[in-house]
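The structures come next, written out as structure tokens.
Note that subunit A is present in both complexes that follow, paired respectively with subunit B and with subunit C.
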Partner chain A sequence: MVLGGSAVTARGSLAAEVSERIAGGMGLACLYARRDGGGHALEAIMAGDGIERITLPVDGGSFESISPAVPCASIYEREVFEEFGLRPEGHPDMRPLRSRSGWGPLEGASAIPGNGISGDGVFEIPVGPIHAGVIGPGHFRFSVAGEPVLAMRAYLGYSRRGVEKAMEGPAGADRAFLAERASGDNSVAHALAYLQTVEQGSEIPLRARYIRTIYAELERACCHLGTISGIATDAALAVPAARGAALRETVLRLNERISGSRMLRGALAVGGVSRDLSAESMWDIENTVMKLEFDVLDLFKVIAKSPSFMDRAESTGRLSCEDAEALRAVGPVARASGSGYDVRKRRPYAAYGDIALNVPSCRGGDVYARLSIRKEEAMESLSAVTQCLNQMREGPVRARVETEDGFHVGVVESPRGEALHCAHISGGVVTRYKIRDASFPNWPALERAVMGNIVPDFPLVNKSFDLSYSGNDL
Partner chain B sequence: MISAGFAASVAQGILMIALAPLFAGVLCKLKARMQRRSGCGLLQPYRDVAKLFRKAEKVSDSASWLFRAVPYACFGSMALLSFMTPFMLAEVAAPFGDLVAMVYVFTLYRFMMVLGGLEGGSVFGGMGSSRETMMSVLIEPSLLLAVMALAGLAGGGTDMGGIPGSLIGMGVIVLSPALILAAASFFITLLAENARIPFDNPSTHLELTMVHEGMLLEYSGRGLGLMELSSMMRLTIFASMLCSLFFPWGIALSPALPDLAAGLASVLLKMLAAMAAIALIESYLAKYRLFKLPNLLTASFALSLLAMISLYIL
Partner chain C sequence: MKIKWNNSVLRMSVEGLASLDRPAEGLSEMGRRPEMPHPGGSCAGCGECAEACPSGAISAPPGSWELDLGRCIYCRRCVRACPSGALSLVAAPEYAVRRGDLVFRRGEPTDRAPGAVDEAKRRAIGRSIHVRQVDTGSCNACEVEIGSMSNQFYDAERFGIRIAASPRHADALLVTGPLTENMREAFDAVLGATPDPKIVVAMGACAISGGVFGRPGMSGTGAAAEVDVYIPGCPPPPGSLVRALLGALGITGRR
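Entry: the complex of A and B
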């Protein structure tokens, strides 16, 4: 339950320290820089059965890149370079990650490099950042030979708002409202991760922990239903798409009835939840969830029984188990490619330690695998909500907590996977706040999964990953 | 002296153009109802086209005069076909147009649209054009063969105005495998030509999957309005060929008013059935993988070939 981090200072090579822990079954959850005295320090957060923090002081403007040894560190090192100007020496791929020239991502879009693939009949298709539909802004470069995609590179950062910087300041102030907006449809998950950095393992009333779990699982069910509906939409399977959207709407309306907010904004508060669930609300949740369980199963049956859809979904956008592991993909994407990692199970928080929870996993790695994992997880979420309702007892829903100096980390399983909040507090002031949304490590996995597919299948693959632009850009 | 038949057939052509957005609206409404949505009004396509006509047109810098000419060429070719195709009355205003000419007017339309897609200079237009060309290579032979089987069944003539009369004259015997197979093949080409699911998704916002819509992406204002209107007319023409050539029962054979009224009522019913069939398919099929489409079109070709063979064997 307590998510403090044991801290180690790297002696000599950071790559060796990280590789050693990866061999021991941990994963690199985040790598970021912060100002430390006159210089900088690199922080590597390793996640496994516990959380470990490795600090590497950086003198001067560069450090030795660990990407050649640890491929999943690549994006983090590019981020460090763009945010702090610290150059990772020996980094194999220094394409821009978020910034183009300076901090205005729109001013220098021409700075995006080509994919560097040439040959007879090989073309490069630039797509976005403005798209025909109402989706997040992202620029994609496809190298194609006819319809098959040779390579795809994603360039994001168009919805960067500087959330991490805004999270800095006096440690006592409640910034849950800000954390909720890191990624709009994962607001409970991010608020929960933020609250973990504030509450720092102090005792939260049991009832509040159950209510938090209910909110988090309703959010997950809602998010997965939206994705299932979206996958059906992108395959032009109109009727199941409409039904999926209607089911998502059912959850959103339930959210509004029980908390006052469709996206459960402001439902969590420091030390507990902002308001207790009334008996009527609990009855309402139980009824709605019971009905939803049938509807979700029915919806999935309709989708999976459509031969034309299955033909589109099976074997499309395959992410191999090896790639998923090497890139340390997280969440449903990784669990559809053989991973069994789920924060709720590995390091239970809120009330997850008290309820029975299955973590579905399969090795298919294609669009269909991700779709069925999402359906399984939605069902698990609904069951978790019911369990919480049955086990909850009357009691207080809020407690006073004290925030202390030091390093504090909050890790939750957001609907898209493991999300991380790291707070460095000194003298009662948050000096560095790092948010790592689940989408961040999954975007490179998408680049992998698209290779070898045909261009018109990309939207379907993209939707099955369902990554957040705002969570990535922050 | 203008004959009553000619006057009625001109009126029929105008009616087809005027009703085209209504049929698109009916299709849209049926699809919405099947998804348990209330959907927009039946007249929405009229409002959409009227709105587009009022809007300013923005033309890509890389486009030549051809870009502006394409919508008029497309609209013109579809307007011509409206006067060549029987709707409620067997007689047509443009009797020089036969089935073969019809197939190539469609080809002209597609050719102009492909050029328009390339002219805009955007990636999506180019991708749409290349996909459309790939599909048209496969659509054309099966369309041609299907209508040839129909002409053979009706007694050899390729004159569209003559076919309903001779089919009705043959009585029940005309419901032969040849007609059914040719109609089935024609229905598949109808879906392909009109960019319906499973060939293309007319309501998609995903640029990367677009075929027909991709070619229209660079159009705006009046140009887009004309292109949209032409698409609706194309759907109406195809559907009315299915209703009035393959299943002509109920069509008016003489321009007398009671006959015309009965013909109109029957063709509207048949069109409604055709739209319902399309809506049903669009609701229960996913869009096929791009490289699976040739299989479906090959099936359509095989059906029309079988129709042709059964015509001479049975």
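Entry: the complex of A and C
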């Protein structure tokens, strides 16, 4: 498990440093600010075959925006401005990101800016923050001319509850429970990323690494099954939707039987896992996974055979490969638009280095492509679970670890894509904790994908992206 | 005879493989019943459990012990931390209609009757309940479980529990999350848009007390509305959710 990685201080222009690495095949995984002595420092985290950190000290209240050169930095710079008051000079799009103070989206006289699109028959439709489905809160602005969407802007932040701040404090305290609640349906992924910042590359027993992999892959399968079911629901395919939901319940119940929690909460522990998997549990997992493999294939066949579904899913909500790359979308969303990036393959952690894993990828970029990628990934997850069960041997499941001062990063492939946790520890105290959920860079990609589609297809496109409101807002 | 080994043949050949063809479960056997820690006679009052509790649900000053189920995230860290093994797991209530009914002290009985919301409201709402879910900043685990409530294992709609698309069609608001600053205004609007008499249900530790995110200014649904039903859990499992809604409205057991 190679983590941490090299750190450099930006010599002059941050934009030049970042662009140089992007040209070299890395991506901007995160950009955030922290207090540094009397002033501030910007931290750019670059991810490729390794992790590199570029630090830029900021004097005064502003810095030179890198968004004109690096478009995917836009949302991070807006975040830095809202959280630390540091203004990115020359930023092309300074709309509020999460801040809602003094905003009144429901009152009409809102501080949410209009989309600025006008003309004959052009209307603006405000939607949310409370939606018709069982889903998180978010506000969307559609500019429409008839049914086609000219532009859509997402205004989130309603779930802003201060997770990052709550993660600060004595480094010795176990805050995995908080990390699990960054995005509830990705509990294992966030707990794992958090634990990587605590364990800092210490040796974790092999059996514990296998069990962690099993948990992470069960969570992925569960998440993808929920999304497949949701896509079917939004396309009005009631029977496949019900079957998908039942399959997800099968995994949730398996989770409860093996760990005591339906979301696998509390299953991971510092230095390993909370409890070993018994022979019965392993048999239970194997048996359930075997059934699921058939059921998932069956389910996908039923969905893909429906002409009415294919009519809605194909060519709908297309995210071009160029947009996905420029915005540095991650996870299944990016992999349905030509990307082959997967943390499990690029920088293997847990037991991913020891198992055979395919990373499905295609270039379709539409709802159907994302659905297919999710189905393929769910199948890969089930296969990974079986491989782990076959390969793991008896042994300890917990080790003692020491947490040291410094900068530590945890990166995992959550079901929604690359998720990142950064911890700055000094004097045994976490002074800055940054979480970047996979949903954060994918929301702007959704804004692109919706353009040109009709309003009634938005729920379908949105569901095919399956983004987390809580993970984005934190 | 030639056998075509397609999926359906395989499915039939293994007992119980068809996980999908199961009928919905009965109300009482849906999911596992929640459990909570309670100290027995061997409790020395060392306070290790309160120390271990990540959400501040347990307080154990010398001579007393108190668990607030409205803060509990059911992580069991307390049980593992107890040096004398005095904390045992006992059946926990699936809901309460008074906030105080979620607080358990040492030596008190743990099998309280949870009761029901007041008669006038129950009468107005009748046998079925249309629910609007309002997320006031949850981590989305509660939403997963509300969604699960509709799958074929629980099939909440057969009991008359239906998810309404708009607060204007709702009898009850099922509120999740600690009520963030950014959701305040929208939540007030939703309260106003829901016709009276309405039932406000605080679901999960966040909505009841702020949960792990609790702090002044973010202490749950109670800060902005009068709560009728409390459903503890982090998140409450779907079986408990169904039983709690039916129980609180007095629908179970009514003829």
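Methods note: the second predicted complex is superposed on the first by the 466 of 474 C-alpha atoms of A that agree within 3 Å, B and C clash if a C-alpha of one lies under 4 Å from a C-alpha of the other, contacts with A are read in each partner's own complex, and residues count from 1 in each chain.
The rule is short, and it goes like this: a residue touches a chain if its C-beta (ideal position, glycine included) is under 8 Å from a C-beta of that chain, and two chains touch if they have at least 3 such contacts.
What you see is a predicted model, and the numbers here were worked out from it, not measured in a lab.
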{"item": "Partner chain(s) touched by A:D276 [first = subunit B, second = subunit C, both, neither]", "value": "neither"}
{"item": "More subunit A residues in contact [subunit B versus subunit C]", "value": "C"}
{"item": "Which superposed partner A:P129 touches (first subunit B, second subunit C, both, neither)", "value": "second"}
{"item": "First, second, both or neither for A:E286, with subunit B first and subunit C second", "value": "neither"}
{"item": "First (subunit B), second (subunit C), both or neither touched by A:E168", "value": "neither"}
{"item": "Partner chain in contact with A:E64 - subunit B first, subunit C second, else both or neither", "value": "neither"}
{"item": "Which superposed partner A:S308 touches (first subunit B, second subunit C, both, neither)", "value": "first"}
{"item": "Subunit B versus subunit C as contact partner of A:L178, first or second or both or neither", "value": "second"}
{"item": "Which of subunit B and subunit C A:A238 touches, first, second, both or neither", "value": "first"}
{"item": "First, second, both or neither for A:E82, with subunit B first and subunit C second", "value": "neither"}
{"item": "Shared subunit A contacts, counted only where both subunit B and subunit C touch the same residue", "value": "132-134, 242-243, 246"}
{"item": "Residues of subunit B touching subunit A in the complex", "value": "31, 34-37, 123, 127, 197-198, 201, 204-209, 217, 282-292"}
{"item": "Subunit A residues within the subunit C interface of the complex", "value": "98, 100-101, 103-107, 129-130, 132-137, 157-163, 166, 174-175, 177-178, 181-185, 187, 226, 242-243, 245-250, 252, 256, 260-263, 265-266, 291-292, 294-295, 297-298, 468-471, 473"}
{"item": "Interfacial residue positions of subunit C with respect to subunit A in the complex", "value": "7, 10-11, 17, 19-20, 32, 54-55, 73-77, 133-148, 150-153, 163, 165-167, 177-178, 180-183, 185-186, 189-190, 212-213, 215, 218, 234-235, 237"}
{"item": "Complex interface listing, subunit A residues touching subunit B", "value": "125-127, 131-134, 147, 232, 234-239, 241-243, 246, 306, 308-309, 311-312, 454-459"}
